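Reviewing the structure listed below.
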Amino acid sequence: MQFEIERIVRTALIEDIGLGDVTTEVTVAIGTVARAELVAKEDFTLAGLGVAAEVFRSLDPDVKFEKIFADGQSVRKGEVLAWLKGKASVLLQGERVALNLLQRMSGIASLTARYVAEVKGTGASIVDTRKTVPGLRALDKYSVRMGGGRNHRIGLFDGVLIKENHIAAAGGIGAAIDRAKQKLPHTLKIEIETRDLTEVEEALNAGADIIMLDNMSLEQIRQGVDLIAGKALVEASGGVNLESVRDIAETGVNIISVGALTHSVMAADISMLFN
Amino acid sequence: MQFEIERIVRTALIEDIGLGDVTTEVTVAIGTVARAELVAKEDFTLAGLGVAAEVFRSLDPDVKFEKIFADGQSVRKGEVLAWLKGKASVLLQGERVALNLLQRMSGIASLTARYVAEVKGTGASIVDTRKTVPGLRALDKYSVRMGGGRNHRIGLFDGVLIKENHIAAAGGIGAAIDRAKQKLPHTLKIEIETRDLTEVEEALNAGADIIMLDNMSLEQIRQGVDLIAGKALVEASGGVNLESVRDIAETGVNIISVGALTHSVMAADISMLFN
Amino acid sequence: MQFEIERIVRTALIEDIGLGDVTTEVTVAIGTVARAELVAKEDFTLAGLGVAAEVFRSLDPDVKFEKIFADGQSVRKGEVLAWLKGKASVLLQGERVALNLLQRMSGIASLTARYVAEVKGTGASIVDTRKTVPGLRALDKYSVRMGGGRNHRIGLFDGVLIKENHIAAAGGIGAAIDRAKQKLPHTLKIEIETRDLTEVEEALNAGADIIMLDNMSLEQIRQGVDLIAGKALVEASGGVNLESVRDIAETGVNIISVGALTHSVMAADISMLFN
Amino acid sequence: MQFEIERIVRTALIEDIGLGDVTTEVTVAIGTVARAELVAKEDFTLAGLGVAAEVFRSLDPDVKFEKIFADGQSVRKGEVLAWLKGKASVLLQGERVALNLLQRMSGIASLTARYVAEVKGTGASIVDTRKTVPGLRALDKYSVRMGGGRNHRIGLFDGVLIKENHIAAAGGIGAAIDRAKQKLPHTLKIEIETRDLTEVEEALNAGADIIMLDNMSLEQIRQGVDLIAGKALVEASGGVNLESVRDIAETGVNIISVGALTHSVMAADISMLFN
Amino acid sequence: MQFEIERIVRTALIEDIGLGDVTTEVTVAIGTVARAELVAKEDFTLAGLGVAAEVFRSLDPDVKFEKIFADGQSVRKGEVLAWLKGKASVLLQGERVALNLLQRMSGIASLTARYVAEVKGTGASIVDTRKTVPGLRALDKYSVRMGGGRNHRIGLFDGVLIKENHIAAAGGIGAAIDRAKQKLPHTLKIEIETRDLTEVEEALNAGADIIMLDNMSLEQIRQGVDLIAGKALVEASGGVNLESVRDIAETGVNIISVGALTHSVMAADISMLFN
Amino acid sequence: MQFEIERIVRTALIEDIGLGDVTTEVTVAIGTVARAELVAKEDFTLAGLGVAAEVFRSLDPDVKFEKIFADGQSVRKGEVLAWLKGKASVLLQGERVALNLLQRMSGIASLTARYVAEVKGTGASIVDTRKTVPGLRALDKYSVRMGGGRNHRIGLFDGVLIKENHIAAAGGIGAAIDRAKQKLPHTLKIEIETRDLTEVEEALNAGADIIMLDNMSLEQIRQGVDLIAGKALVEASGGVNLESVRDIAETGVNIISVGALTHSVMAADISMLFN
């Protein structure tokens, strides 16, 4: 993931700094050294500290960046996450980009951690979706893992998910699964989206590895789990929120996918204080 | 902005599709043509329809994409925003990226529109900040404009904003403004951040073009506006939300900058329906 | 895959043409039009005709490129694969790059087709490996498919293959598989490399989805297949060649992976004849 | 060539690792250190050890890579080519890309060395062609040099080679050579392809610097060499293989170009063993 | 600006070195170390020494580059600007690119310094334009600053300059300025081009921040300055040369923009001497 | 060269336009169509009209660009070079970049044409050097050709030029030439720099293809030409200007290289007039 982080950080810095930080150039004497701290302004689950470090390091390899917490840890309001020392101009120029990344990533980790806490003890895993911010998928999915979630496929290339339109085009659930099993890498499981119990049964008979119960009621999900009876993994999807997720998990599904983890992120509140 | 949109769309498509959409490849016959609609699933202010069109066009220039609404318009739940026709494989491969962009952009426009509506009639402008998603600043700022807001500087390179650390480094407000006026392009206004009325006064005397009142109380803002008395533009910043924004606007400030417009975006609910 | 083909073709053309084809510039009058044919100089399985077309198209969208055969078809010595018409300078400049790609791709497809023919009727699939030419993996793997083979994982990111070193690091086969099942995307099957029947048994007990029998004798493979008895997919790997592949297939393995398909490619003999 | 090696290595690593090596991530504890050796599994001429080192270094500058042999040397089965020490995850992630490059490059060097050995003592040089793998020309041509061969032009931009179609377009051999001499950089020799002795004579009269005898019989080549009599360099091309090359060299030609050096490469057998 | 310098240097080195410096490769033994000096062959104002250092550093981080002068200083014929020590091959390969950049940059700084000297004591600033060499604007504008000049806007994105065609399109000076004030970032001043005193008056009334007097006679400029009377910044533009610039400055304008600073640059005479 | 032109134009447009032309956006109504002409404001030799067309085309393929003159032609003050029609916003956004390129290129062609005219009838060719603007070498060298000059090598990779430091490193002129002849592509001529007649003699004996007489007096050049007597090409270099070039040409040298053609370019005066 290192090359991807480099690409993201470099793109972000060029976007923000362009041909130069005009304010700093005229006010801060070259060579001025500064020290700063990244401080939590609320409680949250941390993600992105390494990426924040990379922001400053890619501006100047001589910046000292000391992590006090690690990604995945819970932090409390007021705690210092890391401290930095380096040229004042570099700290000022990297500040906004580092915070933009760190706040979004921690926001994702924190929301994920809340879902994970809700389903604790049920055996269900919380997973993300492809509803990520374009260009930042690697970081979005990493943040989900830091919050205790797992990842669904990265993109269209590394996982099979046969949806309604694919079924229609292939001429039915059986035909679609069959062709996937014949043609695709044997390393990928075949997942299929179902809308009712009839489809679940068809998918099961066709040998699907994973059966997604899409937008079903709690009752339908329960029946689906019973029907599948361990012969395939069961994924619940659609309309999942913090209120409903526990009930869904208790039906016995294996996987619950939650789009909101990444598509509607509240930035965690973090400041960079110079001292 | 065309080259930037191309870069964003291309990056997003490569991120999502990689070496191929394995599911579609085995289920959808080459040459199958499909028709689909982008449909609003709630009320919101539209932004990003041109970017969505670019997603499909960059996959296949022959896709037909017909816009029914224009960016900046209000749409109602159930309305069709645009319809598309093209190879089924192309519609399926572009769907997620197009929605991810369109939903975020419309989310930003919609939130901006709410802030703009709140300050209606006061003479205050709602502006964004640099708290955007790394790599998408061009789209984030465009979406703010579509919601009726205005843009603050794009980045560190095209606007002067002298903050606390710059003031300290330069040896005071007067010295900092003076150096900016001597050295920087004459085309840029000099903005300075102030924390109390003493600093406001100093900034005014030094000839600042824009004075930011940062994290001040309503009462302080009112006094700041009085003190400045039209001799500089006044920008209120910090702790602005939908509850407080009207009161702030009524103090007579010219500009209100709102980080939340872009750092904590709720995706607008939009679907792509095949028919 | 379109963006990847564009990248490969563009890189290849810049590599070959640089700042210009000095010979053509001084000998061929601007505007001269030519017609040429791509002709098979031996029998082979075709792959890469679309990529060859892209070479000329990316030099000049007005080149006419008419395919007579399709990728995946068998062609005979002397048959015309496609004909082209366009500026003579463009045909001359694209010739070498187009042939370099087409000849390698058809070479891969042809060798794959020979392996596939050998195992016909046995139920075993021929798959490739990651022993591809750096930068051309997408084309190498596509060519394997055109020859009737299937693809193993694209890279380290889209498939789990637990090898000796991973097992040692994780503290045993059971522990390694267990951690993969807990942590990784539920969409990926867990494959593990085994060197003897004891390891096969361990892997089976730990719930591996795919068991690779690495560098085993025919006799060991047979015993492995018996032991696994359909509870996991069986992949044979190591020392596979055209002489041994049928015997291996007849043991009942599901998958046979062959590094030679892509690491030691004989270019198919193809010419471009101007007429 | 450093920037080109960086490009190739980076492209290859991104292609293979993508967003991460999922297997290693879950099985190998962060910080585990490993040691490995690159070992020859057969006799060959070495090329690419520096490129292999670059693979690991670009993943992690702290990897220690100690070369025991140098490019261009002959190595024997069982000899250790280099040893490495570094994070286990880095060694595992770079292994395949390093081997893919090193095996292809050594394969080219080894085949070249065989051709060079065949013509020893004749005064003829073995040179490559533009039949290289797209994107890897720099490495392919370097490997030829390591095998004792010389390079023909890199691409269309740095050498003049007037072929049949150019001659026809220019209106004859004399006219083509004349225009090249008038217009092109004076630093480039003018090479022309001939198919029979009449053309050789024309080329000689027109002042060609290099005359290629294309697909001629041994007897024709001998006559060509006699006719040219040292007034131009003579290059034999077409249908050259390990059986025919000595006879061709003994005709007295200066240069023998061999497409097979790079278009049909057998990978040298090399392993990376962890210890 | 660091990323931009890296881009420029890398592009230039790839352009000049391509796949290798063939002369050095065969004549200079690997490992040969050399020492060289950059020497002024005439008097000039220095700019670009850091960029020259970056050229060698990006070829080899171990090159020692010791600056004796700093950008912005005046140097005399015969003075040594910097000395270098490193691999002979690296010094030879970087020489031309380093000199090409350093000579152009110092040429710009020197010409700027002459203009700045001419207007000394008048209160007018010398500024550049967008007439820079494509791809090098960052360096061109930096060099102007090193010569004592100031920068106009970087590009179309960071400054408002309403010209004749914009005025016509907007429906008059007042309308154009009005729309700019309503819509654009409040951080940018509004500059407008005027051709006569009537337009100056209109611009003043519409509240322009900067009024450009374009191609006006000295007399007109004087009247413009009187009319504006400090209510806007005054910029003189068009037909400025070393002969006319003092007279223009003495009219009391604030800003004089000079296209020739960057569009017609005489390279400063600098050599790299090996010793 | 097409890909290189695309790279240059794209880089230049991004550099100038960034995230948008703020002035045009607020003043020019979307959809406004304009017509403009490129007009010569002085006499010169034209180069770059195709590149200028590419600027507008890459912003909008629908712009109509009609060339009235062709590169390489002489144009007179007042003549219209081309006319354009398209969206007003596109014409305004491309104007500066198109002129910057066209004016520099025509400046180079014009200066070259003056040198070429000076040496008319002497048999000497005027050639350029590597003293080009970094990133624009392809255009600089093309412009020299349009002015009637020829190109020296493009860079270090496509031509051999053995200089003082190479000779010293190789251990003498003979050794250096010998190694170049043994090792380098047979398609490149061997050029060597000489400083006096003794070196000329050594170079001749060693079989140099091209002998550069560097910074020699007219008398020395004459003696060098006599000594070489057609056995190698003779190139005069150093201290060439419009006053001295005819005398140098009349000594009988074949090639005169002139750094000033590209290192100190006066932009040709060209305007874009809207009508």
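To keep things simple, chains are lettered A, B, C, D, E and F as they appear, and every chain counts its residues starting from 1.
Basically, a contact is a pair of C-beta atoms (placed from the backbone, for glycine too) under 8 Å apart; a residue touches a chain by one contact, two chains touch by 3 or more.
Worth saying up front: this structure is predicted, and the values here are computed from it rather than measured.
Among the remaining chains, those touching subunit E and also subunit F are B, D. The chains in contact with subunit A as well as with subunit E are B, D.
Comparing chain pairs D-E and A-B by the number of C-beta pairs in contact, the larger count belongs to A-B.
Note on chain placement: the centre of subunit B and the centre of subunit E lie 32 Å apart, centres being C-alpha means. A separation of 45 Å divides the Cα centre of subunit C from that of subunit F. Along subunit B, residues 17-20, 137, 154, 157-161, 183-185, 188 each make contact with two or more other chains. Shown here, the protein chains touch in an arrangement that is not a line, ring, star or fully connected set.
The set of touching chain pairs reads A-B, A-C, A-D, A-E, B-C, B-E, B-F, C-D, C-F, D-E, D-F, E-F, using the touch definition from the header. Every residue of subunit B that touches subunit E in the complex is listed here, in rising order: 125, 127, 150-154, 157-161, 183-189, 191, 209-210, 233, 235, 254-255.
Residues of subunit A touching subunit B in their complex: 8-9, 11-12, 15-29, 32, 34, 88, 92-93, 96-97, 99-101, 103-104, 107, 130-137, 154-167, 169-170, 176, 179-180, 182-185, 188, 263-267, 274. Put simply, subunit C touches subunit B in their complex at residues 1-4, 137-138, 141, 154.
Put simply, subunit E touches subunit D in their complex at residues 10, 13-14, 17-20, 59.
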